[in-house]
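Note that subunit A is present in both complexes that follow, paired respectively with subunit B and with subunit C.
Here is the complex of A and B:
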């Protein structure tokens, strides 16, 4: 009995330590923006809004959040639409070497938006006149994310029974109608997952926008955060913490919204 | 309404599997037609080829007076109920039933009115707002039927329509389907692996084996005069007695006993010929007393079938089965005599029925 209690105490202590490890930075993020003189420790804030005032007055900070939204939503829309169509085709059409193609794409995609392709991508963007353009960046980010997205969505499509589509086909639905009326609603949780994953990816991506957007007006939050220093070259914790909080809120809201709306549900309709 | 005509229909799957081998079949307008066979015999492939979900390798499919061999499923003016019903899980019953009309760009109000009308006919009024996941198996089946009825198609195709229902419901659904088909009068082809289902529901049926049709006929014809030993052993809830026999003049020598030559084969057999003698257990009369032309042996198994018993006799090492009415079943170990009905007994030469 004592051993059991001791064991339990040990387990809970370990959990508490682990939790603290993750909670303390979050607590800091929650309190520091409201503190007039934040440091690296977690303190009870004195509830000042001075720091927010500074962010509002910052010439680029709020716009950078808008830029982040434009980039991530644009990329998400492109990735969801294209990956759904591609995955449907790959899931339903028998192509020789289909799986090899998918794996090759998956492998290469990590290179596209990785450090290795930095120089060629930059040159490509210059040649195509896509430097300093959100469109260009969205295209490149989509290219990097699409293979993994196709891979994930194809998995969803592979598990949906074909008889749904055949049924729609017999009623005369065209392939695009089948996708819109039947396939997309069936894999909606998967599409939502892809959308969230894409937004989170783009939201946190630093390298690509840093490389391809030199105009400060167009840079997203992840890049602007990098510039939040004091004149002395020290990290400006007041602005940094406040901006960090603002930067994380949209992503948190998105997760909550999507999990509430598209939480995984099974509807039935196929008798097994 | 339309007849369905198949001419030399062949389907070879990639890899060389011949699922259908030059099939000819014609199903007149308004008929309730069953495709029956063991799994893997090609019956579902045949149905899917009629639907256009599989493309024929050779031959023609004619629906009505139109050759639809190369036409997409949607253009064939047919409707299909799938084995799993394939109701769209994200649509409610109304939307499911009216989906074919949505494809045909019928206005929404009209669509819903039609769905309500068809749904009411099948007793679904209370369920129109439900999703398929909230329906029982029988209700799902009725929604699937309502959906094909809403299409006004010329022919209906049902793939194993009853196999997903439990045994009790299956019997009710059988009667219901037959009545519905009669009322609608739409040419209907259904696939089943259950011979009792095919016998009960179909106007005519085709028994298939390995991509070939082994017999086409009404349920009575197929039951009473199976054209070959495959059909004979496949049809019937109790398997037909198929016994090796030798022709001895006007009688047959079967398992050491003498029985008369079947009426159907009279005059068509040659003396000394080896044939297979077939008679259904239902067409055997069991007696305790020795009788002329009977198969006599020891009772080794008695199975209760409800209103009757299936008695298995061991006759000179061969098992012979007979159906005995309730109350008259023998005890194990009794010596019994089974007299075949001469007009129902059959003779098979090389697996094919001997008849004029």
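Here is the complex of A and C:
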């Protein structure tokens, strides 16, 4: 019995330490934006909203969030449409070399990372005149995310019954009509997963926009955040904390939405 | 496809008329199927496969970002690779990367992730959700934000950590940069291992654990003899994936920028600094090629594992 009690106390102590370890770094983000004179130290806020006023007046902060949104949505649309089309064809039609292609895709997506490919991608962007172009960055990001997306969505396609498509065909629907009106509604949860996964990836991505966008007006929030705390002498903690919070909130909302709606199902490749 | 001469079989009435459609469910046919796959493959080819091949070519040239070699790059063969092998900076980076992967992924994230999953396995209710939610929060927040949160936490004079420990003036990021990024990355990435082991532990039959307990096995013996044999595949999958991700992780740059004095310059940061800050593209590409090869070895090993499980 004493052993059991000691064990319980041990477990609760460990939980308390873990909670502290995971909470303390986050506290600053929860308090500093609402403090009128924030320092690095975590203090009880005086619940001011002045700092948010500063963000509205800041020349780059809000625009960088818009840029993040443009990049995320643009990439998500491209990745969802292209991966759904490709995965559908690969799931339903025995194209020659399909299995080898899928294997190659899986392999490529895991070995060619931003770190390994930053030098050639930078050169490629210069040669193709894609530096400082949102379109260019969207294409590059999509190329990197597509293999994993095709893989994930093909899993969804494989598990949907083919009988709906077959009966739609009996009634004379064309292949494109079948895809649009039969298949897409069936795999909607899969498409939503891919969309959220892509947005989360692009929203947080720092390396690629940092390499390929030098124009401050075009940089997304990740790059502006970094610029705010590394350049220009004393960092403005009011702007930094408030901007960090605004930049983080969409990710948290998206996560809550996904885990509420679908349950946070485990996908091996959800984060690269 | 059904032979044309045979009378239509009632069960196969949905079969396509020969010649118009092929035998897949939607009547896509190979041509249209190819057209569906082509745009995605084109993007992947141009922005993923081509860069990977080009990095090998670049590694064999003396490309520079600016100057004479930028206008007229020459083929230098394996010079860049030989230069890397004889450069102590490259080996320092490799050694630091090894410490980073071993410390933060293999030891930190795996141990912590498994411990949390194991402790919480029978729990229900709000405390479990709070612990899991916080661990996941550290994982989903943008890297630029969490990096700055750690800069604030570890600040020498007014950081929260020093205030809590009562050691103001202790410069974590300057005096112990590797320790800082290892603990940071453990904090950052534990969620993945926690969720994977949580799912894996759900697959261990409770009856096995129960009988081990009745036979008087201690907690550790239960883990060793019942749990680990069941989740061995998950452990290996987890190790390979997080090693690969940590090896390619660029976020140490956001915390220490490789400094001070290259003391936390892992390979990812080393490539960025030599190729894009110092402008030595050829040399940077040679190091990228080495990274690609290491990734390839880990990934092939991982895919083998996936296949043998099926």
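Following the convention adopted for this analysis, the second predicted complex is superposed on the first by the 232 of 272 C-alpha atoms of A that agree within 3 Å, B and C clash if a C-alpha of one lies under 4 Å from a C-alpha of the other, contacts with A are read in each partner's own complex, and residues count from 1 in each chain.
Keep in mind that, in the parts below, a residue touches a chain if its C-beta (ideal position, glycine included) is under 8 Å from a C-beta of that chain, and two chains touch if they have at least 3 such contacts.
Fair warning: this is a prediction, and the values are worked out from it, not measured in the lab.
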| item | value |
| --- | --- |
| Per-residue touch tally on subunit A - higher for subunit B or for subunit C | C |
| Which superposed partner A:172 touches (first subunit B, second subunit C, both, neither) | first |
| Partner chain in contact with A:26 - subunit B first, subunit C second, else both or neither | second |
| First, second, both or neither for A:258, with subunit B first and subunit C second | neither |
| Which of subunit B and subunit C A:206 touches, first, second, both or neither | second |
| First (subunit B), second (subunit C), both or neither touched by A:14 | second |
| First, second, both or neither for A:186, with subunit B first and subunit C second | first |
| Shared contact residues on subunit A - subunit B and subunit C | 166-170, 182, 266, 268, 271-272 |
| Residue ranges of subunit C touching subunit A (in the complex, touch as defined) | 13-14, 16, 21-22, 24-30, 32-34, 36-37, 39-41, 43-44, 46-52, 54-55, 58, 63, 112, 115-116, 119, 127, 130-131, 134-153, 155, 157-161, 163-164, 187, 192, 195-196, 199, 237, 241, 244-245, 248-251, 254, 257, 267-268, 271-272, 275-276, 281, 284-285, 288, 291-292, 295-296, 299-300, 302-303 |
| Residue ranges of subunit B touching subunit A (in the complex, touch as defined) | 51-53, 72-75, 78-80, 82-90, 99-100, 102-104, 131-134, 137, 140, 151, 164 |
| Subunit C partner contacts - residues on subunit A that touch it in the complex | 11, 14-15, 18-19, 21-29, 32, 39-42, 78, 82-83, 85-86, 88-90, 92-95, 103, 105-124, 139-140, 142-144, 146-147, 150, 162, 165-170, 175, 178-179, 182-183, 200, 203-204, 206-207, 211, 221-223, 225-226, 229-230, 240, 244, 247-248, 251-252, 255, 264, 266, 268, 271-272 |
| Interface residues, subunit A side, partner subunit B - complex | 161, 163-164, 166-174, 177, 181-182, 185-186, 188, 266-272 |
